[in-house]
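Presented sequentially are two complexes of chain A, the first with chain B as partner and the second with chain C.
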Partner chain A sequence: MARIALVIGAIAAIVYPIPLQLQGTTYYQTVGFLVLVNAMLGVGWNVIGGWAGQFDFGPQVFFAVGAYTSALLYVKLGVDAWLGLPVAVAAAALICAVLTYPLTRLRGHYFAISTVAIWMIAQPIGATWEFIGAAQGLFIPVKPRTGVVASALSLQFSGPTKAMGYYYAALVLFAFTLALMAVVERSKLGYYFRAIRDDQEAAEGIGIDSRLYKVIARSITAAVFAAAGVLYAFWALSVFPEQVLELNWSTLPIMATVVGGIGRLWGPVLGAVILIPISQIMSTTLGTGPLAGRGIDLIVYGLIIIVIAAFRPTGLLSLPWSRWFRPGPATA
Partner chain B sequence: MTELAQAVVNGLQMGFLYALVAVGLTIIWGLMEMINFAHGEFLMLGMFGAWWLGAAFGLEPLLAIVPIALVMYAFGVLVYRHLMRRVQGGDPFTQIFATIGLLFLLQNAVVAGFTSDYRFVNDSLLVRLGGAKLALLGLTFAMPLLLAAGLALLLFLALYLLIERTEFGLALQATSEDRDAARLVGIRPQRMFAVAWGLGAALVAVAGAILVNFFSVYPQVGLQFTVLAYAIVALGGFGSILGTLLAALLVGVIQSVTVVYLPPAFKDAFVFASYLLIGLVRPQGLSGRF
Partner chain C sequence: MAPLLRVEASTKRFGGLAANRDISLAMEAGEIVGLIGPNGAGKTTLFNCVTGYMHPDDGRIVFDGRDITHTRPERICRLGVARTWQVVRAFGRMTALENVVCGALERTNRVVEARVRATELLEFTELRGKHDAPAATLTLADKKRLEIARALATRPKLLLLDEAMSGLTPIEAAAAVQLVRRIHEELKVTMCVVEHVMEVVMPLSHRVVVLDYGVKIADGTPQAIVRDEQVIRAYLGERRAAH
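== the complex of A and B ==
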């Protein structure tokens, strides 16, 4: 049952942009791109938040580290995005490990605020550091590419195929992340993370170094955020502090994870598929026209979120889907 | 040297206002362990309430405190009864999710009603006192800030007595310690949570009504205060009323001293750097109870 759903979902995700491209609309492909980016971030955040059970409100710092690293490599040294990607991911994971190890002395809410603290300190640094362009940030010039292959290899799409190109790039990165996290979930690492979440003392009792594995969990999250940051930088063609350090880069993935089902591999994916299109459609329908700029779209969006939270506080994947969709009469 | 001492004095006065902003969160988050991302939006509602009552009816913001506190108390109780009580059964992260929804709703309801323009209160008692200063030992105390700080301190004392010295306060603390044991001795936890949300919302809205004298009012004003309030409550050691006051004063001083030496962009960064430093040396906060 689950396998059939997976195959259908994969085919739908691959085919999705083609009729749109033939029709000449790029808007819904950009929505798809945003869904995939946020789903990927959610899958990454699920490692520290859902499995290791640590409140992390500051992963956007590593989104920024990824975006800046790849942009710097490209602008200053001419290194292409795909080559910059592993460097950016490694840099983010390393910086995260160094910063997070001392923070793991703190627990619960104290740890949560310490992740906010790193973000609050990163913001003025990003806004004043001349080497990374200070408040103006960095612009990523587009080099003219001929052919699909050259565009894909350099992660620079332009013209009418821009939206489709980045959609598929996001799909590749998302699928890779999801597959990798599926492996982590079933590995020894995944069990250690959940053991720490469920009972840190007991986990330490059986010899799990809780501080070390919290650092590993957060570094995995940071790596995923950095990879998404690289993709976003080349899509937006610029990197500046207010954009890549925005709070939305953590709240949206966290919300997607909570809606879908926290701690479940597919939870964030379901959440992103539901939340991102709603917010996009709200802003293009209710956010335009005579009432534009009056926040009507966000009022409705807020209401929807409140209703979902009040209706199903444990997430939508916790609903008895298999009982509803299992063929044959349900015998309880 | 005088510059530094003056910065400390200014910071302390600001600190009293921050204490009032944060203490509502001390009750909701510190004491009752519920997360409220819309804390700053409650503050914003208080600010808008004070501005609107002044603009529409000519009511002095300091007198507007009374109706604002009553309305926001009812609003806080309502939010708990109809939203947070249901959410309480799920993962703690669901509280974040629900209150982010509340944040979107409140912020944009105000945008819809009043637009995103910046508003200023320029006819209040404290604003008219604007230039008045008190000089003492070579330091100057701006009268408006001094009066506001005094008022904040007074409210703070009343709250401290309420939580620490009355039977009601004990019942609130008992619920936060052990919900089931509290129920055994006849305390109704649901009611305590509702009162806590009401008190928290009322307190932060009152803080807003005082802050309109010093800050411009706009729908997105809340977030900066929310972030600071969380740091203050954590520094103060969760649920400790006096700890919150101490931490808020410290935050005010750190901010104003930072600005003497560094660009203003760094003032919050230094607050959080101090949080990390203190947290790593003293993981239970300045006056942790737990």
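== the complex of A and C ==
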């Protein structure tokens, strides 16, 4: 049953932009792109927040580290996005490890606020550091590419196929992240993260170095955020502090994770598939026309999330799907 | 042969209160030592000091020839000390099997290997058929067994059981005593058993250590302990008088 859903979902994700492209629209490919980016971020956040159980409200710092690192490599040294990506990911994981180790002395709410504090410190640094363009940020020039292969290899799509190109780039990164996290979940790391979440003292008593594994968990999250940051930078063709350090880069994936099912591999994916299109529909319908500019779309969006959270606090993935979709008449 | 565990004049204070004062004791490999004393005598504090959750203010703790006075819990576990908890601390959202796998991963990085070991230990602790139950849904008796299985999975030389029988029905407690005997005989693990119920400890232990108000007041065979004047006065007095 789960396998059938997976195959159908995979086919749908691959085929999705094709009819839209034939109709000549690009808007929905961009919505798809945002769904995939947020799903990927959610899958990454699930490692520290869902498995290790540490509420991290500052992973957008590493989204920014990824975006800036790849943009700097491209602008200053002419390094292409895909080559810059592993460097950006490694830089984010390393910076995260150094910043997080002292924080692991803190627990619960205190850990959570300290992650917010680091984000608050990052903002003025991003806004004033000349090397990374300060408040203006960095602009990523599009080099002319001939053909789909050259565009894909440099992660620079332009023209009418731009939205579709980035959609597929996001799909590749998302699928790779999901596959990697599926491996992590079943590995020693996955067991140790969840042990720390359920009872840190007991975990230490069976030989788990809780501080080390919290650092590893958050660095994995940081690596995923950095990879998404690289993708976003080349999609947006610019990196500036207000954009890549925006709070939404953590709140949207966290909401997707919680709504879909925190601590479950596919939870953030389901959450993003539901929430991101709703937010887009809300802003294009309620956010325009006579009600525009009054935030009605955000209010309705917020209410929808509250209703889901109240109706199913453990996430939509925890609903008895297998019972509903069991082949043949339900028994027992 | 040097003792497996040596506690040398360990003192642990909480503010003005000395929960452990000048406690010295030694445990030989292969022993089952009962650690008894009324509530608040300092038994759990001593366990916490030996397992690295607390560090003594004075004195020294030596395990297997190494000074572990200021060592962290996860390091002490690696050296071969495992424990259970007075108030159970199972990983509630993980299944019974996953709980024990976490313990087994202390000695291997391969999850497949750890699962084999965990399955064996769930058999050993008579939790078969409960592999996939979330630990939070198990009964208290089963949770206590699960904690023992998880601790054993780390392949300890010394196992500290903190009130593994309290809160259990007489039948469950008898089964737990049986399990402790089997751990000693079949797995050859040295054990220290904390209980405040004397009836459980006496027939099980080779040697009994008695704490009272943070001080060691007796250390000897169960037969000697029940005849010890100080123990009778401090701990058995009322109970004896009632008979």
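The rule is simple: the second predicted complex is superposed on the first by the 332 of 332 C-alpha atoms of A that agree within 3 Å, B and C clash if a C-alpha of one lies under 4 Å from a C-alpha of the other, contacts with A are read in each partner's own complex, and residues count from 1 in each chain.
Basically, contacts are C-beta pairs under 8 Å (C-beta built on N, C-alpha and C of every residue); 3 or more make two chains touch, one makes a residue touch a chain.
These figures come from a predicted structure and were not determined experimentally.
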Partner chain in contact with A:I113 - chain B first, chain C second, else both or neither: first
First (chain B), second (chain C), both or neither touched by A:K188: second
Which of chain B and chain C A:G9 touches, first, second, both or neither: neither
Which of chain B and chain C A:D199 touches, first, second, both or neither: second
Partner chain in contact with A:D209 - chain B first, chain C second, else both or neither: second
First (chain B), second (chain C), both or neither touched by A:P19: neither
If touched residues of chain A are counted for chain B and for chain C, the larger one: B
Which of chain B and chain C A:P160 touches, first, second, both or neither: neither
Touching both chain B and chain C, residues of chain A: none
In the complex, chain A residues that touch chain B: 49, 55, 102-103, 105-107, 109-110, 113-114, 116-118, 120-121, 123-125, 127-128, 247, 251, 254-255, 257-259, 262, 291, 293-299, 301-306, 308-315
Residue numbers on chain A that touch chain C, as the complex places them: 186-188, 191-192, 194-195, 197-199, 201-210, 263
Residues of chain B that touch chain A when the two form their complex: 29, 82-83, 86-94, 96-98, 100-109, 111-112, 115-116, 219, 223, 227, 230-231, 234, 238, 263, 265-266, 268-269, 271-273, 275-276, 279-280, 283, 285
Chain A-touching residues of chain C, taken from the complex the two chains share: 51, 53, 72-74, 77-78, 82-83, 85, 89-94, 98, 101-103, 105-106, 109, 111, 114, 147, 150-151, 153-154
